[in-house]
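Next come two complexes, and both contain subunit A; in the first it sits with subunit B, in the second with subunit C.
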Partner chain A sequence: MAAIKAMLAKPWIWSFVAAAGVWMVTILFTAGASTLGLTQAALTFAAFSIIVGLGQMFVITLGPGNVDLSIPSTMTLAGTVALKLMDTNNGLIAVGILVTLAVGVTVGIGNYTLIKLLRIPPIIATLSSSFIIQSTAIWYNRGIRIKPPRVLAEFTTASTLGIPNVAWLALAISIVAWVLLERGIYGRWVSAIGQNMRAARLAGVPVDGVRVATYVLCAVLAALAGFLLSCFSGGAALNMGAEYLLTSIAVVVIGGTAVAGGFANVPGIWGASLFLFLVVSMLNTYGASAGVRLFLTGVIIIAVIIAASRRLGEGSSTS
Partner chain B sequence: MNKSLIVSALALTLLSGTALAETADKRIALSNNYAGNSWRQAMLQSWDTVTKPAVEAGIVAAADAFTTAENQATEQAAQIQNLILQGYDAIVLNAASPTALNGAVKEACDAGIIVVSFDGIVTEPCAWRIAVDFKGMGKSEIEYLKDALPDGGKLLEIRGLAGVFVDDEISAGIHEGVAENPQFEIVGSVHGDWAQDVAQKAVAGILPSLPQDIVGVVTQGGDGYGAAQAFAAAGRPTPIIIMGNREDELAWWKEQKDASGYETMSVSIAPGVSTLAFWVAQQILDGKDVPKDLIVPFLRIDQDTLEANLETTPSGGVANVEYSQEDAIKVIEGE
Partner chain C sequence: MTWLTAERWRLLVPAVSLTVLLIAVFWLQPRTMSYTGLNLLFNLAVPIALATIAQMLIMMVNGLDLSMGTFVSFVACVTATFLQTDPLVGALILFGCIAIYGALGVVIYLRNLPAIVVTLGMSFVWGGLAVLLLPTPGGAAPEWIRWVMTSKPPFVPMAIVASVIIAAAAHWLVMRSSFGVVLRGVGGNERTVERAGWSVLRARATAYAMAGFFAVLSGMSLVGLTTSADANIALRYTLLSIAGVILGGGEFVGGRVSPIGAVIGALTLTLAASFLSFLRISPDWQIGAQGAILIIVLALRLVLTRREARVAH
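Moving on, here comes the complex of A and B:
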């Protein structure tokens, strides 16, 4: 009983409860026949949200006002540049990955330069840099869809031990993120800055170093997600990152990370990413119209957030 | 107020003048609300390809293209107001909203400026509209399937962006077609936002819950390739997926055709419709009497025209037709 109570006090449990509930309702439609297909599809598409969501989670944890709006354009730029350079050539995969990482590092440093040197609030800085990045992508290839190298296309669409490869990758990245956050000094620093930047600075936390590292981390993860997504879906498109702007923020919030910063958690990103994919699938399966679907999606998200935040409050007052 | 009166008086004299009136000193602007996909990129490129020679040949003085960053009606309204101040004689408009720009369009008309809207048209009566018969386009998909699949069967519908009237129109056409052909039944409907990755994700999500015997996928363009990939990933046989003239869709179709004789058709609007709008604006400036509502035919590709169209479609682009002045005159005269 105590164990259950302790579980319920975790802010991330509610995103999993919601995801499992929606999953059950969806497979009930076909009396269980869709179990395997739906689970695999959910893991595949959640993987991309998880990768960008982890980056956004670290940024949001830096405290009020910190959010990265340049994620979609970074995904697009990394996908288009890497695929164009590799030009379907299996031998150039390493180059493609290096270029992807370089795009991420450049965008991250660029974002923080705007924030720090020009003293622009992060939300405005990353919004304006997203225009520059998106325009660069348009200028670079005018919407050309180049197919990914065959090896990459096969890797991103295949499964190992029944789990999609992209989900394995997301799992590996999540474990690294969890170690960074829960066991490493970097995670403590990020949380400390998010709780009180002035206090963190006085306590000797290298505030600027941590913040620039966080924006770079977020941009690198976005670039990586863009690279994987363009390999997975058979080519980069100029509008391919668009839906990940709100998704990246939503998975952080639904996953139980504090919007005001200072408290992050990795498992919630998984629950929330699976949930967001499954809720759309469920409403599509039951034939809800677009209006009803958007309305119900909003209502369900609000319900999950309320459940998560109430439990969080109770948990901390009784302990 | 005075100035706009003088300008409109001037425009009136010009319009009522003889058809010989020259347009050599006229400046035309393109106001575009969005550039972030391959269709819009092709649209802007067609505009360039056709208007540059026209400017060099002295048919018009200028044909400048302007695109807003955020795809917002308010932003485009401000852009139109700027274009009015800059003294353009005509504005060719692909609008973010059919109604929200009416105020700005009315201001332009009051200033004596010719406004020709296309693709994303506006309802303001003073503007010209070059519309696509989206409903007919949706219906033509079912008409094709009726011949390809005489026995009918279950269909999956991929819609566009929820809340955009183009999506409602195409879908209404599809449903009208299904109502007339009860051998077909739409068993699932998802929104693919006209984007390949969104369509792939939505189809992958609903596919496990759908019956195995889906015979056709009706689409709106930009989503066919994503649907094909979702079917392949789920290990299902590929039904007839209607394509939307994108190069990736046509290339995939060609691959399947060569491998297994796969048959389908592809239909969409040619992005070059911007050049039709350009010539219509030029004709109006030239004093021609042009009806306010024009219909542009959609571009359809069939099994036998696939190779020819694929050859002329740039990698990553959209099958396209650019219009000439003669084409515009034909459309105006209703031929």
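Moving on, here comes the complex of A and C:
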């Protein structure tokens, strides 16, 4: 009983309960015929949200006002530039990966420079830079859709031991993120800054170093997700990151990370990403139109948040 | 310089930015220096200004509305369909929307929810409803809205008259009325307001309902200008409205907002788009240049707010 109670107190449990519930309902509707396909699709598509969500999670944990709005444009830029440089050539994959990382590092440093030098709220700084990044991608791309190298296209669409390769990658990144957050000094520093930046500074936390590292980490993960997504979907598209603007924030928050900062949660990102994908596929299975699907997605998101929230004055505020 | 209070310093940067940009546009294209020219330049500013005021009201109580764009789109769809064919049903729907905004304020406060997340969820709800209402672009603007938005008052174009009215009304509501002080107080220090005997619940509900009201006006005026609507018509407004509030000297927390500044911020953003098209910048870089203008104005603000701090002390 105590164990169950301890489990229910975990902020991430709700996203898994919700995801499992939606999964069951969908499976029941199709009488079990789609079990394997649905699970694989969910893991594949959730993987992309998980990778960008982890970066957004660290940024949001830095405290109020910290949100990275440049994730979609970074994804697009990394995907376009890497695919164009590799030019379907299997031998240039290493170059593509290096360029992807370079795009991420550049964007992250650029974002933090704006935040620090101009003292712009991060949400506006990343919004402004996203316009510039998006323009760079448009200018570089010239409307040409280049296919990914065959090896990469096969790798991102294939499975190992029944689990999609991209999900394995997301798992590896999540484990690193979890270790960084729960076992490393970096995670303590990020949480400390999110709880009280002044106190963290006085306690000797290298605030600027940690913040710049966080924005770089977020941009690198976004670039990586963009790279994988463009390989997975057979080429980069200028609008391919668009849906990840809201998704990256939604998975962080539904996953139990505090929006006000200071408290992050890695497992919740998995639950929330699977949940969001499963909701859409459940509604698809029931044959809902695009409008109904959007409407119900919103209603379900709000319902989950309200269910997981505490009443005013009840316990400490973690929301 | 006693007349130069901190509040006026706050307005100086947005005002200077707008003036500089306007001079640049006049210099690039002298023909805009006329009644018709100004009308064309600022035409689309009216719905953006209204959406910016709505966003400002939410930010005033330490929230952030990520559903502004989809909500204004939904209102535009209702205006172009129900309000035109069955005015009574249309009006009821729009009043219902304002009530929903008020209810959101209540839920966010009572359950201690982050506004960003709730409005994020609502953005899906409004988006879905808008798609259901108008799956393909269409509808028509009600005659009277069309008439208001395209009317030509003497000497000064409608867009500018409307902007001044919006700024004045919002300024009175937020900065001069006694209830406005309570509302800003909720953003500043909620507990103090509560101890002083005001209902924080009522204040929050009012702030959100007022935001809903201004956003409804935004959607209606947009349809008056475009004559038809579609489900994605105003998606840009979410980010535009946030940028407008910040450009106008508002802040994310602490109830520090400026309604006049917000309207000026919205005008600046509208003008920036025209400025770039007059510069004949390659279409590839249009969006990027808008980002650059945003950064330059904020850099200017940094220089001047340092002086504001000196004036205030």
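What we mean here is this: the second predicted complex is superposed on the first by the 310 of 319 C-alpha atoms of A that agree within 3 Å, B and C clash if a C-alpha of one lies under 4 Å from a C-alpha of the other, contacts with A are read in each partner's own complex, and residues count from 1 in each chain.
Keep this in mind: contacts are C-beta pairs under 8 Å (C-beta built on N, C-alpha and C of every residue); 3 or more make two chains touch, one makes a residue touch a chain.
All values reported here derive from a predicted model rather than from experimental measurement.
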Subunit B and subunit C placed together on subunit A: clash or fit? clash
- Looking at the overlay, what does A:Thr30 touch: subunit B (first), subunit C (second), both, or neither? first
Worksheet item: Is A:Glu243 in contact with subunit B, with subunit C, with both, or with neither (first, second, both, neither)?
Response: first
Note to self: Quick check for you: in the superposed arrangement, does A:Gly235 touch first (subunit B), second (subunit C), both or neither?
What the structure shows: first
For this session: For A:Ala199, decide between first (touching subunit B), second (touching subunit C), both and neither.
Result: neither
Q: Would you sort A:Ile175 into first (subunit B), second (subunit C), both or neither based on which partner it touches?
A: neither
- Item | Contacts of A:Ile146 with subunit B and subunit C, given as first, second, both or neither | first
Task = Could you tell me if A:Ala290 is touching subunit B, subunit C, both of them or neither one (first, second, both, neither)?
result = both
Does subunit B (first) or subunit C (second) touch A:Ile132, or do both, or does neither?
second
- [ ] Would you check which partner chain A:Phe45 touches, where first means subunit B only, second means subunit C only, and both and neither mean what they say?
- [x] first
Clashing segment of subunit B (vs subunit C; choices 95-103, 149-157 or 239-247) is 95-103
Intersected contact list for subunit A, partners subunit B and subunit C 131, 134, 138, 290-291, 294
In the complex, subunit A touches subunit C at residues 64-65, 67, 69, 114, 118-121, 123-125, 127-132, 134-136, 138-139, 246, 249-250, 253-254, 259-260, 289-299, 301-302, 305-306, 309-312, 317, 319
Counting only contacts in the complex, subunit C reaches subunit A at residues 66, 107, 109-114, 116-118, 120-133, 135, 239, 242-243, 246, 251-253, 282, 284-292, 294-295, 298-299, 302
The subunit B residues in contact with subunit A across the complex are 35-38, 41-42, 45, 69, 159, 162-163, 188-191, 193, 195-198, 200-202, 204-209, 225-226, 229, 233-234, 247-248, 314-317
Note: in the complex, subunit A contacts subunit B through residues 26-27, 29-30, 33-38, 41-42, 44-45, 131, 134, 138, 141-146, 157, 229, 233-235, 237-240, 242-243, 277-278, 280-281, 284-285, 287, 290-291, 294
